[in-house]
Structure formats: C-alpha cells, structure tokens
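See structure below.
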Amino acid sequence: MPAKSAVNRVIKQIIEVGDIRIGGGELAVMAGPCAVESEEMLFRTAEAVSKEGAQILRGGAFKPRSSPKAFQGLGEPGLAMLRNAATAWGLAVITEVLDTRDVDLVANHADILQVGSRNMQNTALLKEVGKSCRPVLLKRGMSSTLEEWLLAAQYILDAGNPNVILCERGIRTFETATRNTLDLSAVSLVKELSGLPVIVDPSHSTGRRSLVTPMSKAAVAAGADGLIIEVHPEPENAACDGPQSLTPAEFGKLMSQVKRIYKAVIENGE
Amino acid sequence: MPAKSAVNRVIKQIIEVGDIRIGGGELAVMAGPCAVESEEMLFRTAEAVSKEGAQILRGGAFKPRSSPKAFQGLGEPGLAMLRNAATAWGLAVITEVLDTRDVDLVANHADILQVGSRNMQNTALLKEVGKSCRPVLLKRGMSSTLEEWLLAAQYILDAGNPNVILCERGIRTFETATRNTLDLSAVSLVKELSGLPVIVDPSHSTGRRSLVTPMSKAAVAAGADGLIIEVHPEPENAACDGPQSLTPAEFGKLMSQVKRIYKAVIENGE
Amino acid sequence: MPAKSAVNRVIKQIIEVGDIRIGGGELAVMAGPCAVESEEMLFRTAEAVSKEGAQILRGGAFKPRSSPKAFQGLGEPGLAMLRNAATAWGLAVITEVLDTRDVDLVANHADILQVGSRNMQNTALLKEVGKSCRPVLLKRGMSSTLEEWLLAAQYILDAGNPNVILCERGIRTFETATRNTLDLSAVSLVKELSGLPVIVDPSHSTGRRSLVTPMSKAAVAAGADGLIIEVHPEPENAACDGPQSLTPAEFGKLMSQVKRIYKAVIENGE
Amino acid sequence: MPAKSAVNRVIKQIIEVGDIRIGGGELAVMAGPCAVESEEMLFRTAEAVSKEGAQILRGGAFKPRSSPKAFQGLGEPGLAMLRNAATAWGLAVITEVLDTRDVDLVANHADILQVGSRNMQNTALLKEVGKSCRPVLLKRGMSSTLEEWLLAAQYILDAGNPNVILCERGIRTFETATRNTLDLSAVSLVKELSGLPVIVDPSHSTGRRSLVTPMSKAAVAAGADGLIIEVHPEPENAACDGPQSLTPAEFGKLMSQVKRIYKAVIENGE
C-alpha cells in the first residue's frame, strides 16, 4: 500500500490547456491516430474528432516501438503536421517525447508533452520535461506500482513543473485475452492519493476495438477526468494499432454514450 | 486470446432466482457479511441490505482461509442462520461450497451455490455442482485467464447445469496497493464470448472500503449484470474482511449512485 | 516477506519412502509419463527410468485438465497399472488425488499422494490428505506466494501428517516464452523457512524439452532435494505434455549431468 | 513463444574486455557496491573483489532511483573514482548510463556501459549506446518478455555495436518474499535464441543476502556466462541495497562454491 507521503499531495490540481480545464469538472477527450502518417490523414481525423467533441488531437511523431524494424514515426515533420491539423480544427496537441535532447523541439509544437510507459522511469527525461513550461501527461509504466508512478510524477513536480496529468493505460499481467489489464481501481486511488487529474487510455490497455467503448464508460464512472482514444479514418490501413482504433463513426457513438454516464456521475454530486 | 470455441456460447442465459432474473435486464445485488458470525448479526444485516434494495443475502458458512489458524466458518449451523435471516427479509441466499461431499447439504439451504476463486479449477467440485439443481456462481481464479475461467464454467455446463453465473473478483498482479486488480475488461469480454451473466465483486477485488463504490459504478458502466458486496453492521468487529466491508449506511449511498449509472447505461440502449 | 511464523518450522524433516530418504542427503528422482495411458507404455517407462537411477515412478490416473473435453485419466485402473509397473522395477509410486472422496483409494495404491497446483488451496482436500498415513507432495499454486504455500502445508501438518514434501513447479507471470516461470529462489527460501524437503518440476514449469536439463541442474545447484520429470517412450504420441517430455535416452543424459552438479554441491559441504 | 526471427541470431558472440573473454568459456565476475559513495570505500572494495577473483568492478555513478528524494549518485566524480580504483587493482569497469547526452562521458571512463532495467525500452538511449565503441550490458526490463529483451538488444546491434551482453536481473511478479523473481530459464533460452552472452544478477533479483550464493550457483548451473554481484565492505552502512550486499568474506566464500559448480558444468562438456 503506497505510503501516503509517497508524493506531496496537491489539494486538487487543475490544468488549463487552451479552453479546457483538465481536472476541473469537464471531461477532457484526446483523440487521434496512434502515429502521424500523413498530413491528409491527420486533417481528416482532426476534423472528425473535433466534430464529435474531442478537444485535443493525439498522434505520435516519435514512436517508441519494441522492434527497431517497426515504423519509428515521421519525427519533426510529423510535429508540424500535428500543429497544422490541430489549428485548423480548433484542437490542442498532445504528442510523445522520447529523448532529453528533443524536449524543447516537441514543446515548440505541442500543448501537452507525453511521457510513455516505456519511459516512466527514465529519470533523465522526467527531469527534463519537469523544466518545460508545458503540461506533461505521464503514462503509468507497464508494471509500475501506484507508488512508483506517483514518485515518477514527483520527479516532474520537483523539477518545477506542477502540471502533471496521470494516465492509466493498463498493466502487464498473465492475461493474454487483452493487450494489457486496465486497472480502473488505480484511477480512483491515485486521485485520492495525489490530487492530480487522471486520464484513461482504453485503446492501448485493451487492444480490442469492442472493448474501447465499455471501458471508456467504466473509466468515467470510476472518476476519470478524461480519455485518450485512438481514432483512425481507416483502421484497416493504420501504420500501427489498427485492431484497437475506432472509426470516426464509432468514436461518435462512444462520445454520446460516455456523456450520458458522465452526466449521471456529475448528478451524483461528485 | 481465447479461442471463440473455448466454450459453447449460449445466446443469452437468464437465470431465475426467486423473483430476480439475473442477466435479464435488472441489476442483481448480493450483499452481506464475509462470514456468518451469529444469528443476531445476520438478521440485522439482512434487514439493512433488504431495505436498501439488495435481493440476495451473501455470507460464508464454510470459509476457505489461507491459514488453518484463521476462522473456518460456522459450518452447517451457519447455513440454517442464512436461510432464516433471508426468509425473514424476503431475500434469496448465496453461499460457498468447498467440498464435493457438502454439495447436497449446501444446496438444501442455499438458492445459489458459490464456487470460490481457490476452487475454480477443482474439477471434482465443478462436476459435482454441475449435477445440482441450483444455479452456480463461479468466481474467477486468482490467476485464471478468461479461457480457463470459461472452461471451468464448461465443466459445470457439461455436467448438466445450465445456470452458471460468472463472477469477476480481481486477479493477482504485482500491484500491492489493492488486494487484487479488478479486471473490468473481462466483464465485457466474457459476456461477449459466453452469453453468461457476469457479476462483479468490488469488495474482495480492491480490499479497500473507499474503492467499493467507484468500482461498483464502473462495473455497472462496463456492463455487469450485478454486484456482490460485503456489508457488515460493525466492520471494525468483523471476523474477516472488515477493511473492505461497508456499513449499511454506506451501502445505501452506493445503491443510489449505482442505480443512476445503471439507468444511464440502460438509456444507452444496451 | 513471509512472517517467519507463517509455519511452525521443523528443524529438518526427512521423509522415508521405501529405501529413499527424501531431504536426507541423497537426490530423490521421480520420473514417468504425465498421464497413465496403458500398461505396456508404463512398464516400458518404469524399466527405463529405473535403469537410469530414478527411485519413484510418477504418472497421473486422475488428471486435472483445464478443459472438460481433454483426457481426464484412466482413474482406478490407472492406479493399479502404476503399482504393478513400479513393483516390477523396484520403484515407489507417486500420483495425484483430486477429490476428498478418493484419498483412501489413491493411498491404497500410491506411496506418495500428490496435491496439484490447482488444488493447493482446496482446504477440504488438504485436511483429508492430512489424515492419511502417506507422505504428501504439495505443489505450489500457480500464483501462490511462499507464505500461502507454507500455510497450505500447515493445513496438512495440523491434520496430523508430518510428511510434507514441497514442489516448486513454476509460477504464472507475464512471460509466454515458457509455460510458467520456474522460481528457484523459492527453493532456497522455503527450505530456510520451513525445514521441509523441496522437489523441483522442470518439465511443467518450462514446458520446453530443451530447458528441462539446464533447469534440473540449476535446481540441484540451488539446493533442491529432488526432481520430478516427465519421461515418455514416445513423446510425440503422448496423451498430454509431449513437448516437454524427455525420451529415456535424454533422461539418462540428464541424470549423468545432474549427478555431477549434485556432487559439487555436496563437496561444498551443504 | 518468441519468434526465432525476433533477433538476428549470432553464432556465438564472444566479447573481449581487458583480459576477459565474456561468453568465451571462462566465468566473468563483476562485483562492487550498488553506488559509488567515496574513493576510500571503492578502493577497499576493489582490492577485496580483485583478490577473490572478480575481473570487473561495478558501481553506479548515475543512479536511477524510484524516488527523486533518494541518493542520485555522485555523477562525473564517481566515474573518475571507479576508473582509479579499478586501475589500481587491475580490474575493468562497468557502470550505468542514464541519458543520451552522457554516453560519451561514461564511455570515457568505463569499459562496459550498462543500460538498466528501467531504460531497457528507452529506444533513444539504445540507439546512442549502439553508436559507442564500448560493449553494452543490457539488463532485462522489470516486466519484459524475452522477445522484447532481444528486440531491445537488436536496437543496439542495428546501430552498429555487436558487443551486447544480456543480463537477467529478475522480473516483477506477484511474489513479495523476494524483491523480484529470478528467471533462470530465461538464461538458457536467450542464449539458445540469440547467441549472446548472458550474465545473472543474483543481488537485485532476490534482494536477500541469504539467497545470493544459492542463486549464483544455480545461475552457473543453468549456463550463465557470468555474474554481477553487490559487494560492500560495510553493508549495514551502504547508501543503497545494503540488505542484499555481501561482505568481502561472504563474496570469497561464494566464489569458491561457484567455481566448483562451474567446473562440474564444464566437465559435462558444455
């Protein structure tokens, strides 16, 4: 059980990104493709997710892949495409940074810096994003305890950046029917322990399209402050993560169901 | 990923217990103490959970404890107390059976037989409850894959008993902040794969009182057909599992929040 | 970390089975097929393993399979075949018991009763084998902590049977390259904590023929008191577990390598 | 099960460091403190481990700690101390690098660069050490499959550095009696799959002094090419990892036992 003193608990951190106040009583939705593949695809996706109510465009320009043979992302040109597509459709941008040397570059194009699961304990990177003026979305490591996750957040807070958003994205267990095991009890518990906003990733955690909507609803019922969801105009042609990407139409249906659950949660007075 | 043929999928199994149709469009709520301790305590609990809307009384007469030194339950006298308290307050009874030799005895007192996590792959017991006329609630093993869980259900179905209710109660992972890790993606997935109703146990899975309500709401949002919840009039004096037991008042508050979520789920047309 | 008081530590339990003293300074080797398939096959295997130095014949008559469709064993006739083959070649018999109602039956044919991983927390069965006069080999549950394993042993000890042999057979982890993850640190640690003899199962733990010999050597170097190994005259035709079964020739080679390691361990004065 | 094509298998990679040929038929032993604390302590340790037969001095100058409040290492001055102590006692140096920007600095002082568990999938760092002329010891990630581990090695190989040493250091499981679960089957299996030399870390994997010697012997019996062991002149005063550090005397005893096992392995003709 994590010591209550593992992190310096904030009362309740609200993080402003453009017009959205993450953790401040409205649901933050980040949507977009796993990887930036082309400007055309990105504009189509940005248009679609914006119309369905997402406020933030996600997409990877630097991709941390298990295999060196897998697509590693478009790099800097991908960052510019993200910014252009987001601006065109009134969205903010979140994207991942992998290398201490790239933090400034990514911060020039993105509104939120993402630190991925594989780098959750990359302390050099945590310190570097902690010096940035951008909010940081910190994904839970694949096999990180809540305590380690909160201590990783503390690295960023200690470096001077108070704007940390936690993201539960599933943990590694023996179960192989889903890509990871989404740990929704962690959502309630880290909010209770840290006061930081928590976002849930139902796409990477389950790895199955049919589970993205039920897990989005469950996440919101568990108290999540937002969702990060993979949407692709043509999942069957996606460069990565096609099996769990939603089409824009599926994403629209998800949004309407999730909103109804969120309303019921709010009415409960929480 | 479980082969689709792991079990013989039923279209949609609805299980009638007294007035309740589990899996049939109303939320089944089983509540009561971890263990039957005394008749007086049981009557107080039955009254309280009945008034708050539970339909089924839970409570262990035979307890499967890790240590031989821990309280092993009252045995047969506990079964009679359960039946009496349930009858007095118009509730059905669910209780655990541990030994092939006790199946008839337990079936004489209970409406639903529970097979616990520790016995999920006790194939002799599965075959024996499969010969019973009582519905069986089959808890997922602590480290069972969905496929193994569904195959355990198949042992019961094959022995001639079609009335199997699955119960997700958390799996064992590296995380120690919660007693187990509640796997809500399993709820959606085993329903999809098997057609059997699925109940969620937010008490044993989390082991923390503060998480029981958020996880109950999340379970219902994920599509669960019911909940099984530990309620004790005096959690601080409970013979076991006090830290996760709700007081009747807390249980009442949970019920009102859960109903609001369930209504939003139903309105979504699922 | 298990409380040192989890079990009542024995100074050093030595268990006599026929001419062998398990835990008493000689290596106990149990070998044979996963399941008893036919008398002819069993006699061939018994002859082979006896000639290579095994002292105990293993083989399942009652098989605890994940699927009800899989071969469930020959039952009582299989027990008689085991006894006959063992007697013919001067071996003792170890076989699994699954049901409280079968303990006496199995004890009539076997020298050692095996409680399998799936039943490690089947407390009714633990109590029943605890009343038997036969030594019990208690396999570690698939996801049991050392503490739970030792407490399961305590159920048997408390019921009056001091002759408990522990068996490490791999635990369930996220790794899929091996069937389970063999936890050899557990061997040293449970010996230290309990004083009971410990046997290692390199066949079920790895599920890969090529790993059986290296893990047997490692087990002996870690201080194991014996090994339990799957040997089949024709692994490609085995009713179960063919991929990890050794041929008699492979088993012979394993024995000669293991003996050299055991000699080096003994010379170290342990 | 990892695809055989996960990595480009080398026939058998032998890595020369000073006078030692790692993977070339002699046991490589790396020993020293968890962290470099002072020049005086380091000289005492280097003297002791050198006299007992270690060939390589280990010690962290940059420490990747879970908490930002924990000792983060001495940094560059620590690197110089390591080099001085090693030179004085005829040892090579291995130490960890955490940041892409520090690779050249660390390579100037160390003979082997260590990439730690937390950075096993820090692909930016893998690519950077792949450009270095120094051999790299790649620790397995806390919850990495063998396939992911070998793919991480492939990042280094693909960047032009053929001198990769794998290091098994325990994986994260549900078991809490040991700090991690040492997976010795992985040692045999990654050697078989990759041809790269494999080193075992019995100190971090177990976190218990009493298990370091048995697991060292088991590792060698399983086919490990070497060991990396924490040794500290005064474990009770160590800045980190005292509970698993050996005194020089304990290390000496370990070496004599391990050598006997290694001799038995060699005689087996492997």
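Quick notes on this one:
In order of appearance the chains are A, B, C and D, and numbering begins at 1 in each one.
One rule holds for everything that comes next: a residue touches a chain if its C-beta (ideal position, glycine included) is under 8 Å from a C-beta of that chain, and two chains touch if they have at least 3 such contacts.
This one's a predicted model, so the numbers in the text were calculated from it and none came from an experiment.
Among the remaining chains, A is positioned farthest from chain C, on the basis of C-alpha centroids. With each centre defined as the average position of its C-alpha atoms, the distance from chain B to chain D rounds to 48 Å.
One inter-chain figure worth recording: chain A and chain D are separated by 34 Å, centre to centre, where each centre is the mean of the chain's CA atoms.
Touching two or more other chains at once are residues 143, 147, 172-174, 176 of chain D. Taken as a contact graph, with one node per protein chain and an edge wherever two chains touch, the assembly is complete, since every chain touches every other chain.
Interface residues of chain C, counted against chain A in their complex, comprise 143, 172-174, 176. Remark: chain B residues 6, 64-69, 72, 98-102, 118-119, 121-125, 142-143, 147-148, 151-152, 154-155, 158, 172 touch chain C in the complex. For chain D in complex with chain C, the touching residues are 1-2, 143, 145-147, 171, 173-178, 181-189, 192, 205-206, 208, 210-211, 214-215, 217-223, 256-257, 260-261, 263-265, 267-268.
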